[in-house]
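Input: structures, listed below.
Here subunit A shows up in two complexes: once beside subunit B, once beside subunit C.
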Partner chain A sequence: MRKRRSRLTLDLAGYGFVAPVVLVIGVMIIYPIIRSFIMSVTNWNMASGAASHAFVGLKNFKSVFELSEFGQMSKVTLLYTVIGVLGKMYVGLAVALLLNRAFRGRSIVRALVVVPWAIPSVVVATVFLISLDPTFGIINGTLVHSGIIAKGIPFLSVPALAMTSIIGVAVWRYFPFVTLMLLAGLQGIPKELYEVAAIDGANAWRRFLHVTWPLLKPVWSIVLILQIVWTIREFDLVYLITKGGPGSSTAVIGVDIYLNAFRYLRLGTAAAESVFLTLISMIFALFYMRAVRKSEGKS
Partner chain B sequence: MAILLFSAVATAFLFANGSQEKGKVQQATVKWDQWWYSDPVRGPNVTWEIQEFEKTHPNIKVVPAAISSTAYWDQIPLDIASGTEGDIVTLDTGAGMNQYYNQRPGGAFVDLKPYIKGYTLPDGTNLEKDIVLLDQMDRNGKTIALPFLWFAAPDTAYRKSDLKNAGIDPSQLTTWSGYENAAKALAKDGKYGFGQPDSQDVLSRWWLMNWLWTAGGGIFPDEKGPYTADRLIFNSQANIYALTYLKRLIDEAGPSGQKSYPELEALFANGNLATMQIALWGVGNLQKNMKPAGSFESDLGLAPFPSLTLDGVTHKPVYVAWGNPLALSTLSKNPKAAFEFMAFLDSKAVQERETVAAAPVNTLVMPWYKEHFPVQYTFLNDARKYTFRIVPDIANWNQWDHVIQESLNAALLGTKSVKDALDWGQQQMIQLLKQN
Partner chain C sequence: MNRRQRTGFYILVILVSLVVVFPFVIMLSYSFRTSTDIFSLDTGIIPAHPTLHAYGSALFNYSIAGYGVFTWGINSIVVCGVATIAAIYISALAGFGISRYRFRGRNLLWFLIILTQLVPWIAVLIPYYSLLVQLHLLDSLASLGFTYMTLFTPVCAWLFIGFFQGMPVEIEEAARIDGCSQLGVFHRIVLPLATPGISAVALFAFVIGWGDFLMASVIIRSPQNWTLPLGLVSFRGEHRILWAESMAVASLITIPIVALFLYLQRNLINLMTGGVKG
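And then the complex of A and B:
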């Protein structure tokens, strides 16, 4: 009886310790998600002045998919995600491999690499917005003054160039995270394996292919999935630099969610788009969880 | 004795304190939503206006909201939706007043008619008689805002020296064909001949529609209702003509890439741009920034927006005019106090100070304006000879604005042909009308 009571006390204490976290997660994460789902099936329009918001079923989803621009936005989001993630991953890997080598001033370089990731998005956007300007920008200025081009290139006014520019900025901004993660993975690879491979006559490429890559792959998979999830829902950098333009050539779905919610005040439509994006992200989140489990199993 | 003395002093103190409490007047707090409190030029005016008002109204405390200009139009609808907007909300006649008004059942703003009726300020300003644009504030028979500031655009600003060196008579800038020839001739030796703001923000309501209107186009005829699909003229021949002309001018004589107004103003002020379309408030900036020193007085010329002769018919310029009126929230706990401050902002003293950025809405200030800001006064007077227009006040204006900007951008950047861009815009507008 005494044992049971002490067990109960212990259980209650445990619940007590966990309760604040559960409460925070419930209020800050679970409730907003549920609320978004509810909003997505109502005709919530802030501009209507209506006090209540009628249930409209899947009408918002239907209207989103019927929107002529949604196909274009999905294509832009896909392109931005695929090229952006590949860019971040491979630049991140290259820099991680370089920083894994011993050289003078390595610790300073390692610290400097983190800088783009540490700068707030709004600062990054402002710097690139000015730098890429065809008339005042330092990039065009340098190219024109060095005689490489005769007239400034309108990087953000031509659709293909604007897309390339924002992907370039995103790669520059986010590759340090990939580098940091992969560097941690690289440092976990035992040096003996490289020595054995060298004795066997393996060159640098073979050492990378048969030693580094297999052991780095679990970390790579996790970082890759994280990058996909983060890039697919990206909004800030794109909106700050191009606002989705010119035209809608760089309008990722995140930009349209923002416009629908805060410019057009159509919260129902914005919520439907958010739910759609959440579901896509959740698919990758499942892959992420599988990859984590797999990597934990291996270790 | 000591006890008696102490009791007397204590009683006297208590009484004195009590009478002080009785004399204290209940203070009403009024919050003013605007976007220029942190602006280095206009911000000090807000502080001065509040201080001056509070001197004569010690029972009213005015609190200015510190919202940046970029965040303002995103924050206001959220504030109104959540009922947390200020007692006084600054609006923009070009940013869809109806949209905000309709956010609450019965209207988000108080009908000011009874407040304005017969109201005369101590300086003699009669709100009914002396304030311009008051008629533009009416929505369904209600006056939903009080005019505060007034803006007009655009005039053509030019560098006299550049025109002289190129052998161009300034009068050439007053017609579309003359302007085109002049701009092309001026675009040489690293200089640009033409500057037209065409970056994404708010270009439709201020900077591009006047070209379409002057050519006889627009969104709806004269931008008057009813706003129905069969009355749309967005893909009209007039609009196609205007945009094709404008694209040619930008491509052949303007700086590459989209340019915002401040960027063009900097180019003009530094002498790298010979002509540009300017707004009334831009004149003050040029006064401060034009180089070399003294060139504002000696080298700045202003020409009216060009007229267009098409198929033997002359289309006179259509100017854009808009205002920043003040609306009184229906949720204000101190509406009378709030209106006192709103009215004070239309007083002569305040209106004179606010001319740093805009034209006064108080007509009694005009002689003073003419004396102290002769260039701005000339601009305004020129503009007043022609038609003033503003984009239609459609309830979901922000969506319309987005469609218009996308269409015009696509046409000017060449991502779509002018006709395709306008056809696309018209289709989107039909969809928007169906949503309403």
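And then the complex of A and C:
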């Protein structure tokens, strides 16, 4: 009887500990999500400031999907996400495998890998904007100076080049996260397994395929899902480097929402896009939970 | 590895190191020039005429409507600092609650906390912004601080759950037997023991706000309330771009953070790998 009672007070204390965070999540996540669902079905206009807004049903969604820009925006977002995520994951894996070996100076290199991750996006964007300038940028400057090319490459004013450039910057900025996570996973693999595989005569590639990969896969899936969600919603880097341009060739969904809301003042459209993005993210959140549960079951 | 393989391996390692620090070096390199140097095509990594001119002119001569880098720096430090402290306290409570107590709705809450990491800010921004408009809370540092606090809290809670799960419970139990209250255990035993974790979580939270452009650009209007990222972006005006000065400010924003990251590296990585894997 006594034991049961103390259990009960413990449980209630749990509620006390989490109450503030519940409030915060309510204000910042639950309420805005509900509100954006409501906004997306009304003709909300920031300028009007009216307290009530007429219900328009799915008109905003319809107008979003009918906009010719929607096709362009989805194409750009998909391209940016797929290539960006693949780049981050594989560069991250390659560097993790490189740093998993014991060598002199490893701890220094591993410390350096943290650098891109520590630099704020707003700084990264400014540095690359300057470095990529066709005339005065250090990259073109060096290439022209050394005679490799005759004229500076207009990295940010040609659509395909602009896309390539921002994906490149994004890969540089975010691969360290992948590397550090995978490196932690690699170091959890028992050394004996490699020794056994080596005795069996497995070469490096076979050892990777049959020992490393199966054991790394749970971490890989988790990191992959996180990278997909974090890449789909990219805003800072892209907006601050290209503002979505030239034209709308780099206007990924995050940038598009921002422009619709704060430049063109089409709040309903922006809200409809937000709902769309939220739903996609939630689907991946479920995948994430599943991947986490699976990796916990294994370890 | 034979000799050739080893040479190849080290070349790769050096290449990776160079790529990783390259933009950081460019930033520093540009900051020690004048904008005239940059426009006169002095594009070497080492400036032809190294000078601190850009730092001086960015700090003392550059201002928008009478407010400059010092104002924005103080705004950034205060807003991010206060938001971090508040977020740390709230999220440590939550992390402790979730990792130590079994209660109904615990898993749901955990899911919600993870969901907050996956739902994009940009998606909650529009409704949140319209709420601030209705409440007349735009253009205030207090609003920005509150926003940061609410954004930091779930990330920190996520990291704290993993951290507290890795912490032994025996000391807490001993304290409880000695008659320490639930909250007393948290304040007197858990928080002091968690210092390494707390410093890393705090850094995590702080840099989110320190580098944030999105929220600040939406919430803040007048230059007296700007934070450093807004100030930095303003160096790139419509008509003139103060490149050297912007790189000087970028360096001032970045160097302390990079130094702290390197210093707390091990803590950060342990925390992150513990948190992300649930």
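Just so we're on the same page, the second predicted complex is superposed on the first by the 282 of 299 C-alpha atoms of A that agree within 3 Å, B and C clash if a C-alpha of one lies under 4 Å from a C-alpha of the other, contacts with A are read in each partner's own complex, and residues count from 1 in each chain.
The rule is simple: contacts are C-beta pairs under 8 Å (C-beta built on N, C-alpha and C of every residue); 3 or more make two chains touch, one makes a residue touch a chain.
Keep in mind that what you see is a predicted model, and the values were worked out from it rather than measured.
With the two complexes overlaid on their shared chain, look at subunit A and say whether subunit B and subunit C clash or fit.
Here subunit B and subunit C cannot both sit on subunit A without a clash.
I want to verify the contact counts: of subunit B and subunit C, which reaches more residues of subunit A?
C
Please work out whether A:262 is in contact with subunit B alone, subunit C alone, both, or neither, and reply first, second, both or neither.
both
Of the two partner chains, subunit B (first) and subunit C (second), which one does A:271 touch, if any: first, second, both, or neither?
second
After the superposition on A, what does A:15 contact: first (subunit B), second (subunit C), both or neither?
second
Is A:282 in contact with subunit B, with subunit C, with both, or with neither (first, second, both, neither)?
second
Could you say whether A:56 touches subunit B, subunit C, both of them, or neither, answering first, second, both or neither?
Neither: A:56 stays clear of subunit B and subunit C.
With the two complexes superposed on chain A, say which partner A:202 touches: subunit B (first), subunit C (second), both, or neither.
A:202: touches no partner chain.
Using the superposition on chain A described above, determine whether A:83 touches subunit B (first), subunit C (second), both, or neither.
A:83 contacts neither subunit B nor subunit C.
Have a look at where A:124 lands relative to subunit B and subunit C in the superposition and call it first, second, both or neither.
second
Would you sort A:136 into first (subunit B), second (subunit C), both or neither based on which partner it touches?
In the superposed model, A:136 contacts both subunit B and subunit C.
If the two structures are placed on top of each other, which part of subunit C overlaps subunit B: 60-68, 78-86, 186-194 or 204-212?
The answer is stretch 60-68.
After overlaying the two complexes on chain A, where does the subunit B footprint on subunit A coincide with the subunit C footprint?
46, 49, 135-136, 262
Touching subunit B in the complex: which residues of subunit A?
Counting only subunit A, the residues touching subunit B are 46-51, 133-136, 151-159, 243, 245-249, 259, 262-265.
Hey, which residues of subunit A end up touching subunit C in the complex?
The touching residues are 10-18, 20-22, 24-25, 27-33, 35-36, 39, 44, 46, 49, 95, 98, 101, 103, 105, 109, 111-124, 126-131, 135-138, 141-142, 145, 172, 176-177, 180-181, 184, 219, 222-223, 226, 229, 232-233, 235-236, 239-240, 254, 257-258, 261-262, 267, 270-271, 274-275, 277-278, 281-282, 284-285, 288-289, 292-293, 295-296.
If we count contacts the way the header does, which residues on subunit B are in touch with subunit A in the complex?
74, 77-78, 81, 99, 102-106, 108, 200, 255-259, 263, 266-267, 395-396, 398-399, 402, 406, 409-410, 413, 415-416
So in the complex, which bits of subunit C are touching subunit A?
Residues 9-10, 12-13, 16-17, 19-21, 23-24, 26-27, 29-30, 38-39, 41, 43, 45, 90-91, 93-94, 96-98, 100-104, 106, 109, 111-116, 118-131, 133, 147, 149-151, 153-154, 157, 182-183, 186, 207, 210-214, 218, 229, 232-233, 235-236, 243, 246-247, 250, 253-254, 257-258, 260-262, 265, 268-269, 272-273, 276-278 of subunit C touch subunit A in their complex.
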